[in-house]
Structure formats: structure tokens, C-alpha cells
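Two complexes, one shared chain (chain A), two partners (chain B, chain C).
Coming up: the complex of A and B.
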């Protein structure tokens, strides 16, 4: 692949961002580092939203479904790894809340303490939880995608279906108290372990786990949209019918990228559980899913890095503002105001703004340099 | 007479009692340029929809060479070798002209086969050729949304040329064009003659005279007449049904 000046600048910006992530621990204490890790997790979600909304043209208002699915799968494993799960009067781990919800006279064992508690059995292996944290969101996305996209449902109807689905699943999770601990979610979790090393949420290695994950997801997503398939996906977004009559199986493209977006979101959900030590049905609240869309809108939905930075930025601002005296009450209004201003004056978000600036610099350079470089490939991806 | 490329056999569709196309039968030879003529509502576009799979037929069959492609899914018909240009020009608006054509140059349409970078030297050569052929060299790196109406039409023609199907269906390729643009379009279409089998729906008689060999006239969903330009213009049935109606209105 040839590197046009435009592409070279893009990758330089990505590299700078990754370097910044890596040196952050030098300037932050443990408390802030843990917070930063959470925001980076949101950054990963931003990437997933940009992929599905910006590049596939699928506005998913139920992204929280995949986030929650990933989070719960890992949280189940970590719950069983928690010391309290071994103190419930059995030699095998049993979550404490199951005891409170136990069927009368049931044995204190995972197989049969509550009606569906056997579902937890394989989660005694942490890596089963990790695998399911990716597999479940992908399966849900494949199922939903195949049905919705094969029926050629598009635009706002997809949004409504995903929105309804996340609310439905949230209700089911809350209702299934004996297996999910309902409203309370899964708390008091053990630490994530790799080869004996424990990822305490307040230590630097845990921050790096998230930071490296984000870097890999960013670069992976960027490479993915630079492939031919990524270009065809954008073609499908622009005109489904045209793509169809050029011989492309539109459903397959949409479903594939929808599933990739779901996998990334599920992965983010798992990382969130590692740094915040809980999973709760609030992950599947409507407001959370909509917030994700706002991150991407502010950052720029057709820029992978833009949406990622948007997510990190909004969360940092809302944390700082909400803790500043005098703003404690007004911070939600401030976030709302930022959103409205961006939508009105920067419809392509911060990413679009940055893109225009780079274009201008390139145009200026090619005018002044004696050997003009072509400002070719002025990327289609961002223009509207 | 060459080999038959497209056979339409008793094709029809019934929209809840309204038969937009009703038992159309025709054969088109390989390399032929066929014009479909007819008044509004004669069923020209619907016939194209039926051939290209956009609308599912309720009777009759369509063959591409010897393959029965009746009611296949659109992308499968496209892959079998039928390309189509729409009445309302449709291109990939947020991609550059070059990117549009690169998409069309993709020979293997699967998702996983395309998880790789670049299109290869051969594809880029074809793309460059097509850009020149449709006269969009200046605009090659512009986003398609900024093209004029005529340029958008030519880009869509370019997509078809790049796709390189056996049969090209063109639905009013000169709709909304100025005289000069129409002339340029006829040059592009004439350039394709012989390399592809082409079926054109068109109203513009000036354009039809510039390109037509054989004309099929449709009326109320049925074939009314078939012949060369002269025969069609003299045919009394056609004059009454189509050309004549112009005189009245």
C-alpha cells in the first residue's frame, strides 16, 4: 500500500496518541490512573460506534447490549474467583447472592442452588468467561444482523430495533435475580489473573492492560477500514443498491462489520469489569447507549481516532466539571451544551475539524513547495 | 446473427391485479445494442427490474446465455454478468471518483476475500483507463458528491464499464442532460458497442437515432413492435400508441 502524504500524517497522529497513552502513568497517581483506564475503555467503545455508525451507516442505539454482554460474561468468572464465593459453606465457589435467593432446601452448590445456577458452572474457568465475553456479543450481532439486514431494514428502523432489544435484555437480566443478582448487578469481584499475576485495578500494569488494548483496537480498526472490504463497506453505506448491482452481498458486509463492532464493544465491557470491579444492568440503560453515540458524534463518527478521543474527552470533562465547586449541579447541562454546539457548528465532529486542518496544511505545502506533491486521496472517508 | 446473450421468455409481473409487464418475449444477441422504447407506464423500467432481480416476476423466465437467472437475488444476477445503471444516477457519494471505480473493479465480491490492502496493478490500470474513457481525469480525486449531474451519470457508466458485465442495462442514461452532455454520453455508449451486449431504455429520440440498431417498442406491458429505427418510425401501430400520442399532447 502506498503512503500518500495524507495517510502518513494520519499514522503520525495515531502514533502520537499511542505514545501519549503510554507515558500517562508518569504524571498520574493511582487513583487518577484507574479513572483514566475507565475512560480509555470508553474510548474503545467510541471506536466500535464509529465503525458501525460512521463506516457501516448503522446507528446502533443498543450498543450497551454488547457492552453488558461482555461485562457480565467476565464478571461471572470473576465473581466465582472472589474470596467471598468460597465462604458460603461449600468447598466449591458459590456466589453469595445465590444463597440469599436459594430454593428452599437446595444444596449449596452451583449445580442446583437456584433454578438456573448451573449456567454458572463453566464460568469457574476465567478463560471461559473471557471467551464468552467475545462470543456472546458476536453471536447476538450475527443473529440480529442476519435477520435485520437480510430483510433490508435500514436507517432509523435499525436504531429502533436495537434500542428495543437492549431494553428487553436489561429487563430480563433484572428479572433473573437468582442468576444475575438483578438490580444490584455483580459486585465484590475477584481480580483478573494471568499466569498468577493479579490485575489489581489500582496498579500501573492494569492501566497498561487497557492502554495497550485500546492501541491495538485503534490500529486494528484503522487497518480494517483501509482494506478493500472496508472500502466496499463504505460503498454499501453510501448506496446499498448500487453495491448490490455491482455484485456485492450487502447483507454479508453489514453483518460482518456489525459483528466486529459488537466484538470490540464486548471486549470493552470486559476491560471495564477489570478496572471497575462490577457489572450492573445500568450498562444496558438506554441513557448509556445514547451517551456512547454522543461521544462518537462529538469526536467525529467517521473518524476512528476522533470518536475514541471524543469518548475520552467527554468523560474527562464531565468528571472534572462535576467535581468543580459551583458546577456540581450544572455539569450535565454543560455536557449537553457541548453536544449541541458540536452538532450545530462541527457536524463532522472534532475528527472532521482535524481532517480539514490537515487538508489545508497539505494544500498550503503543495503550493509552496517547488516539487508539488499530489494531495491525492483526500480521503473520501471523512468527506460529506 | 451472433449467439443469443439474453432471452426473455413470457416474462410478466402482477402487482395485485395490475400487470405492469405482461408476457414479454424477446431475445438479444451477443454484442447487440437494443433500445427499449415506450410511453410512460409502458413497463420499460419494470422490465429492467425483472431482468436485474429488483422485482420478482410472477410468470415467465429469464436466461443469461443458457443459465436460468429468473428471480435470483440481485447480487447473484450481477455476478452472473448483468450490470445495471439506474434512472436516478446512483454512485458512492462520499467516496472519490477513483475509489468508486476501485470498488467496481473488485472481481471477488466476498467479505473475507477482501480483507487485504490495495487492488493490484491490473485493477488500477483498468480504473485509469475508465477514468479517461468517461472523461473524469480532472475529477479523479474529487468526492463524488461534488460532481455535476452529467458527471455523476458518466461516473455510474464508468462503474459499469469497470465491472465489465456481459450485459449492460441502461435506464435513461441521458435523463436531465444538456445536448452536449447527451452527445458525449452517446459517444461513451457507442464506444461500448461490440464489447458488451447493451439494453437501453430511452425517451430522447435524438439520442436513440445516434445509437440505435434495433428497437423494441413496449406498450401497456407488452411488445408492440420490433425493428430498426426506420421501420419503427413508419410502423402505424407505434405511431398510434407512442409517437402519435405526442402529437395530441
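Coming up: the complex of A and C.
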């Protein structure tokens, strides 16, 4: 594959970004590194949103469902691994909140302490939790995608269905207090362990766990959209019927990328649990899901790296500004304003702006150089 | 049983109250106005503020809130929404930004809190509105205790729905609105000033939300975030009923309200809401155009 100048610049930018991620621990203390790790997790979510919104044209207002699913699955395992779960008067771990919700006269064991507590049994293995953290979001996405896309539901109706779904699941999770600890969520978790090594959220290796994950997701997503399937997907986004008439199985492509986006989000949810040590129904709040879309919109919905940087940037600035007394609330107002302005005047976000800039530089170069090169794919069109 | 059905009817009327304005802005104009809930909130705050500063009751607040929110709606349409016609999902995002702005404006007392000035009735805290004594308490019909204020809400909702119906189906401007719903370009070609009618429609829809806010303030605590969950419920009602169909919105609000009431009586409020979401998802999946589809743009 020969690289066009445009693509070469693309990869150079990606490489620079990854290198920056890797050298960050040299300039940050443990506290800020932990925060940075959280924002990188949001960056992963940004990639997932860009993939489904920018490339598949599916505005998912329920991205929090996948995030929450991933988070809860791993959190269940880590909850069982926490020291307090081991001190509840049984030789097997039992989460403390189950004791408070115990059925009268039930044995203090996972099998039967509350009505559905047996669901927790397999989560005694951490890797079962990790596997489920990927499997559950993907299954949900496949199920939802198959139903919705087969019925050729599109645009705003998909958004409303996903939005209603995430709120539905949130309520069910809150209602199932004896199994999920309801509103309070899962707190006081153990640390994630790999071969005896414990990922304490405030150490450098944990940061690298997140940073390397982000880099892999980023590059993976970028390669994925360059494949044939990725191109067909963009064709589907731009004109579903035309793609269908050309003989492509539109439902399959949409469902596949929807599931990939879900898997990435679920993965991000798990990393978030490792870094922040809790999982709660707030992950499935309406505002959190819309906030994810905001990140992608500001960063550039049709740019994988743009959406990722948008998420990191907004959160970093928010955190810095919120430190200033009394400015936190004003900052929220500014976010609202930025958002309106971006939608109105910069619909392709920062990524689109950078894209245009690169194009201009290339055009200027090709004019000055004696051997003019054609500028490729200038128009990454907007998703409807 | 009658009491449960009445609660359902009351919940349905509240849903409809919020959904009426959305049915108009979304149905007629194709704008997903996420700031609609904030209009409700502003309406509620108008009640609070007029109670504190003017000493008036909610009957005065109704026209006042209508005017304030209609003007606010007009402003939003002129400044932001106008530029986004035809970009449905972008209207959703931009109005979400506006919603945050309005919330923060109330929370920060329009920036006055930075200067150390505090306006009674604004700010991040909770506010309460007292309703006139003849709307408090209950009366009984056929042995069932019926809450007076809830009855009042049902009445107001019915009046507003009828008024909206009359305006849309029996007036000249309503005819223009309906023409725009069917086909905006053709309507423009026939000499309808689409942008003017759209602005008025948006203002009217926002005004209805303001009145909804006045009614809400009588039985709910008033606080800056109160609108967020309402706008979702409102949308579900409109989409389920069928975009652009007023009758559809009325019926789906009634159905969802009764489902909510019945399930809540049998189990609890949280599950009831979950069931409502489930029903809406099922209906959108089965009939994406809603219960009463209208062929249009």
C-alpha cells in the first residue's frame, strides 16, 4: 500500500499522539496521572462514539448502556475480590450490601443470600467478569442492532430507542437493589490483578494499562475504517438505499459496527472501574450518554482521533477549571455555549478544522513543489 | 380501583402537558427541542418569582409564564434553531447546549451570584410554591378520594389541548402550520412565510411548556434540573403517538399515564417507569411511525 501524503500526515499525527501518551508519566504526579487515566478512558469512549455516529451514521444516545454493562460486569468480580467481601462470616466472598438485603433466614452464601444473588457465582473468577464485560455489550448491541436495523429504523428513531433503553436498564438496575446495590452502585472494590500483579489505581502501570489500551483501540479503529467493510459502511451512512441496491447487506454492516462500538465502550467501562474503583447507575444517566456525544461533536464526529482528543480535552479543562472556586458552575454554562457554537459554526468539530488545515498545507506544498501530487480524500463528509 | 385510574389519568395529563408543546415543535417543525424541559423549568420559576416578588398566585403566573417562555422560545428560534432546519439531530445537540445554558443561568442567578447579589427564588436550591387553599386537599366521588390539584391539572391540560387543537385545525395560521408539516417547500411556494410561521409555532410550543411549568410547580419541588427527565417523557409520548398527530399524542399520553399508574399501584414507581420505557421501545420498533402516522415531509 502506497501512502498518499495526506495519509502519511494522518499516521504521523496518530504516532505523535501515542508518543505523547507514553511520556506523560514523566511530567505528572500520581494523583494527576490517575485523573489523566480517567480522561483517557473517556477518550476511548470518544472513539466508540465517532465510530458509530461519524462512520455508521447511528447517533446512539444510549452509549452509557454499554459503558455501564462493561463497568458492572468487571465491578462485580472486583467487588467479590475486595477484602470486605471476604469478611462476611463465610469462607466464600459475599458482598457487604447483600447482607443488608439478605432474605430472612438465608445462609450467608452467594448461592442464596438474596433472591438473585446466584447470578454472582461465576463472577468469583475475575476473568469471567472481564469476558462478560465485553460479551454483554456486544450481545446487547447485536440484539438491538438486528431488530432495529432489520426493520430499517434509522435516524432519530434509533436515537430515541437507545435513549429509552438506557433509561429502562438504569431503572431496572436501581430497582434490583439486592443484586446491584441500587442507587449506591458497587463501591469498595478490590484491585484488578494480572498474574499476581495488582493494578492500584494510583500507580504508573495502571496509567500505562489505560494508555496502551487507548492507543490500540485508536489504531485498531483507524485500520478498521480503512478496510473494505469500513468503506462500505460509509457508503451506507451516506445513502442507505443506494448501498442496498448495489447489493450490500446493509443490516449486517450496521449491526457489525454497532457491536464494535459497543465492545469498545464496554471495554472503556471496565477500564474506568479499574481506575476509579466504583460502578454506579449514574453511568446510565441520560446526561452522561449525551455528554459522550458532546465530546465527539466538539472533537469532530467523523474523525476518530478528533473525537478522542475532544473527550480528553473537555474533561481536562473541566477538571482544571473546576479547581477554581465558584467557577465550576460557570464552566458548565460555558460548555453549553461551546456546544451550541460548535454545532452552529463548526459542525465537523476540531477534527474537521485540523483536516481542512492539513488539506490547505498539502495544496500549498503541491503548488510550490515541481512535482505536484494529487490531494486525496479531501471530503470526509458529514454524517447526517 | 377508581383512585388508581384517576392517578393514571393525572399522570397522563402531566405527560400531555409537557408533550403538547413538543408535539408542535417536533411535529410541525422537525426540531428536537431538548431545551423544552428547561422551558417547563422557567415556567415553574416564573411562578416562584411572581409569588415572591409580586405576591400573586398561580392563576396570574399562567399568562405570565406563557409570555416569558414564548419570548424565550422566539429568541432561541431566531438565534439558533433557525440555522438548523433540516438537520434534525443537530437541533437535538444544539438545544441540549441551550438547555445547559438556561439551567446554569437560573443556578447562577443570571451571573449575579458572581457579584455577590442573590435573588430570592433563584439559585441552585429548591423552591416551593403554595397553591391556593381551594385547590388543596381532596374531595370524594363514589367513595374514592380525588386530589383537587390533580383534577385542576387535568382540567387545564384539557383546555390547553382543546385550544391547541382549535388553533391548529380551525384558524388561518393553523392551516399554514399544517401545510408546513406536510411539505414546507410547497407551503413556501404557495406564499406562506415559512420562517415567520415557524418562529411563531416555536414560540407557541415554548409558551405551552411554560404553562406546564406553572402547573408542575404546584405539586413538585422546583429546582434547576427539574426539566431534564420531563423532556424525555415528552418525546416518548410524541414519538409513540406519531409525529405531527395531536390526537396521537393525547392518546399515547393517556395510555402511558394509565400504564404508569397501574404498574406503580401493583409494584413500585421505579418499575412502573421502566415498564413505560419498555412499552414505548416496543411500539417504536413495531411501528416506527407511531400509533397515528401522518404522511409528511
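Here, the second predicted complex is superposed on the first by the 375 of 384 C-alpha atoms of A that agree within 3 Å, B and C clash if a C-alpha of one lies under 4 Å from a C-alpha of the other, contacts with A are read in each partner's own complex, and residues count from 1 in each chain.
By definition in this document, a contact is a pair of C-beta atoms (placed from the backbone, for glycine too) under 8 Å apart; a residue touches a chain by one contact, two chains touch by 3 or more.
Predicted model only: the values in this text are computed from it and were never measured.
Novice: For A:153, decide between first (touching chain B), second (touching chain C), both and neither.
Specialist: It touches chain C, and chain B stays clear.
Novice: Once chain A of both complexes is superposed, is A:252 in touch with chain B (first), chain C (second), both, or neither?
Specialist: Touch partner of A:252: chain B, not chain C.
Novice: Quick check on the superposed pair: does A:241 touch chain B, chain C, both, or neither? Answer first, second, both or neither.
Specialist: first
Novice: With both complexes superposed on chain A, which partner does A:174 reach: first (chain B), second (chain C), both or neither?
Specialist: It touches chain C, and chain B stays clear.
Novice: Taking the superposition as given, does A:195 touch the first partner, chain B, the second, chain C, both, or neither?
Specialist: neither
Novice: In the overlay, answer first, second, both or neither for which of chain B and chain C A:27 touches.
Specialist: neither
Novice: Output check: A:229 vs chain B and chain C. Expected answer is one of first, second, both, neither. What do you get?
Specialist: A:229 contacts chain B only, not chain C.
Novice: Between chain B and chain C, which residues of chain A are contacted by each of them?
Specialist: Common interface on chain A, chain B vs chain C: 384.
Novice: Which residues of chain B touch chain A once you look at their complex with the stated criterion?
Specialist: Those residues of chain B that touch chain A are 52, 74-75, 78-79, 83-84, 86, 90-96, 98-100, 102-104, 106, 109-112, 114-119, 141, 143, 145, 156, 159, 163.
Novice: Which chain C residues qualify as touching chain A in the complex?
Specialist: 32, 80, 83-84, 88-90, 92-94, 96-101, 103-105, 107-108, 111, 114, 124, 228-229, 232, 235-236, 239, 268, 270-271, 273-274, 277-278, 280-281, 284-285, 288
Novice: Which part of chain A faces chain C closely enough to touch in the complex?
Specialist: 59, 147-148, 151, 153, 155-157, 159-161, 163-165, 167-168, 171-172, 174-175, 286-287, 290, 293-294, 297, 326, 329-330, 332-333, 335-340, 343-344, 347, 384
Novice: Which of the residues in chain A end up touching chain B in this complex?
Specialist: Chain A residues touching chain B: 1, 224, 226-229, 231-232, 234-235, 237-239, 241-250, 252-253, 256, 374-378, 380-381, 383-384.
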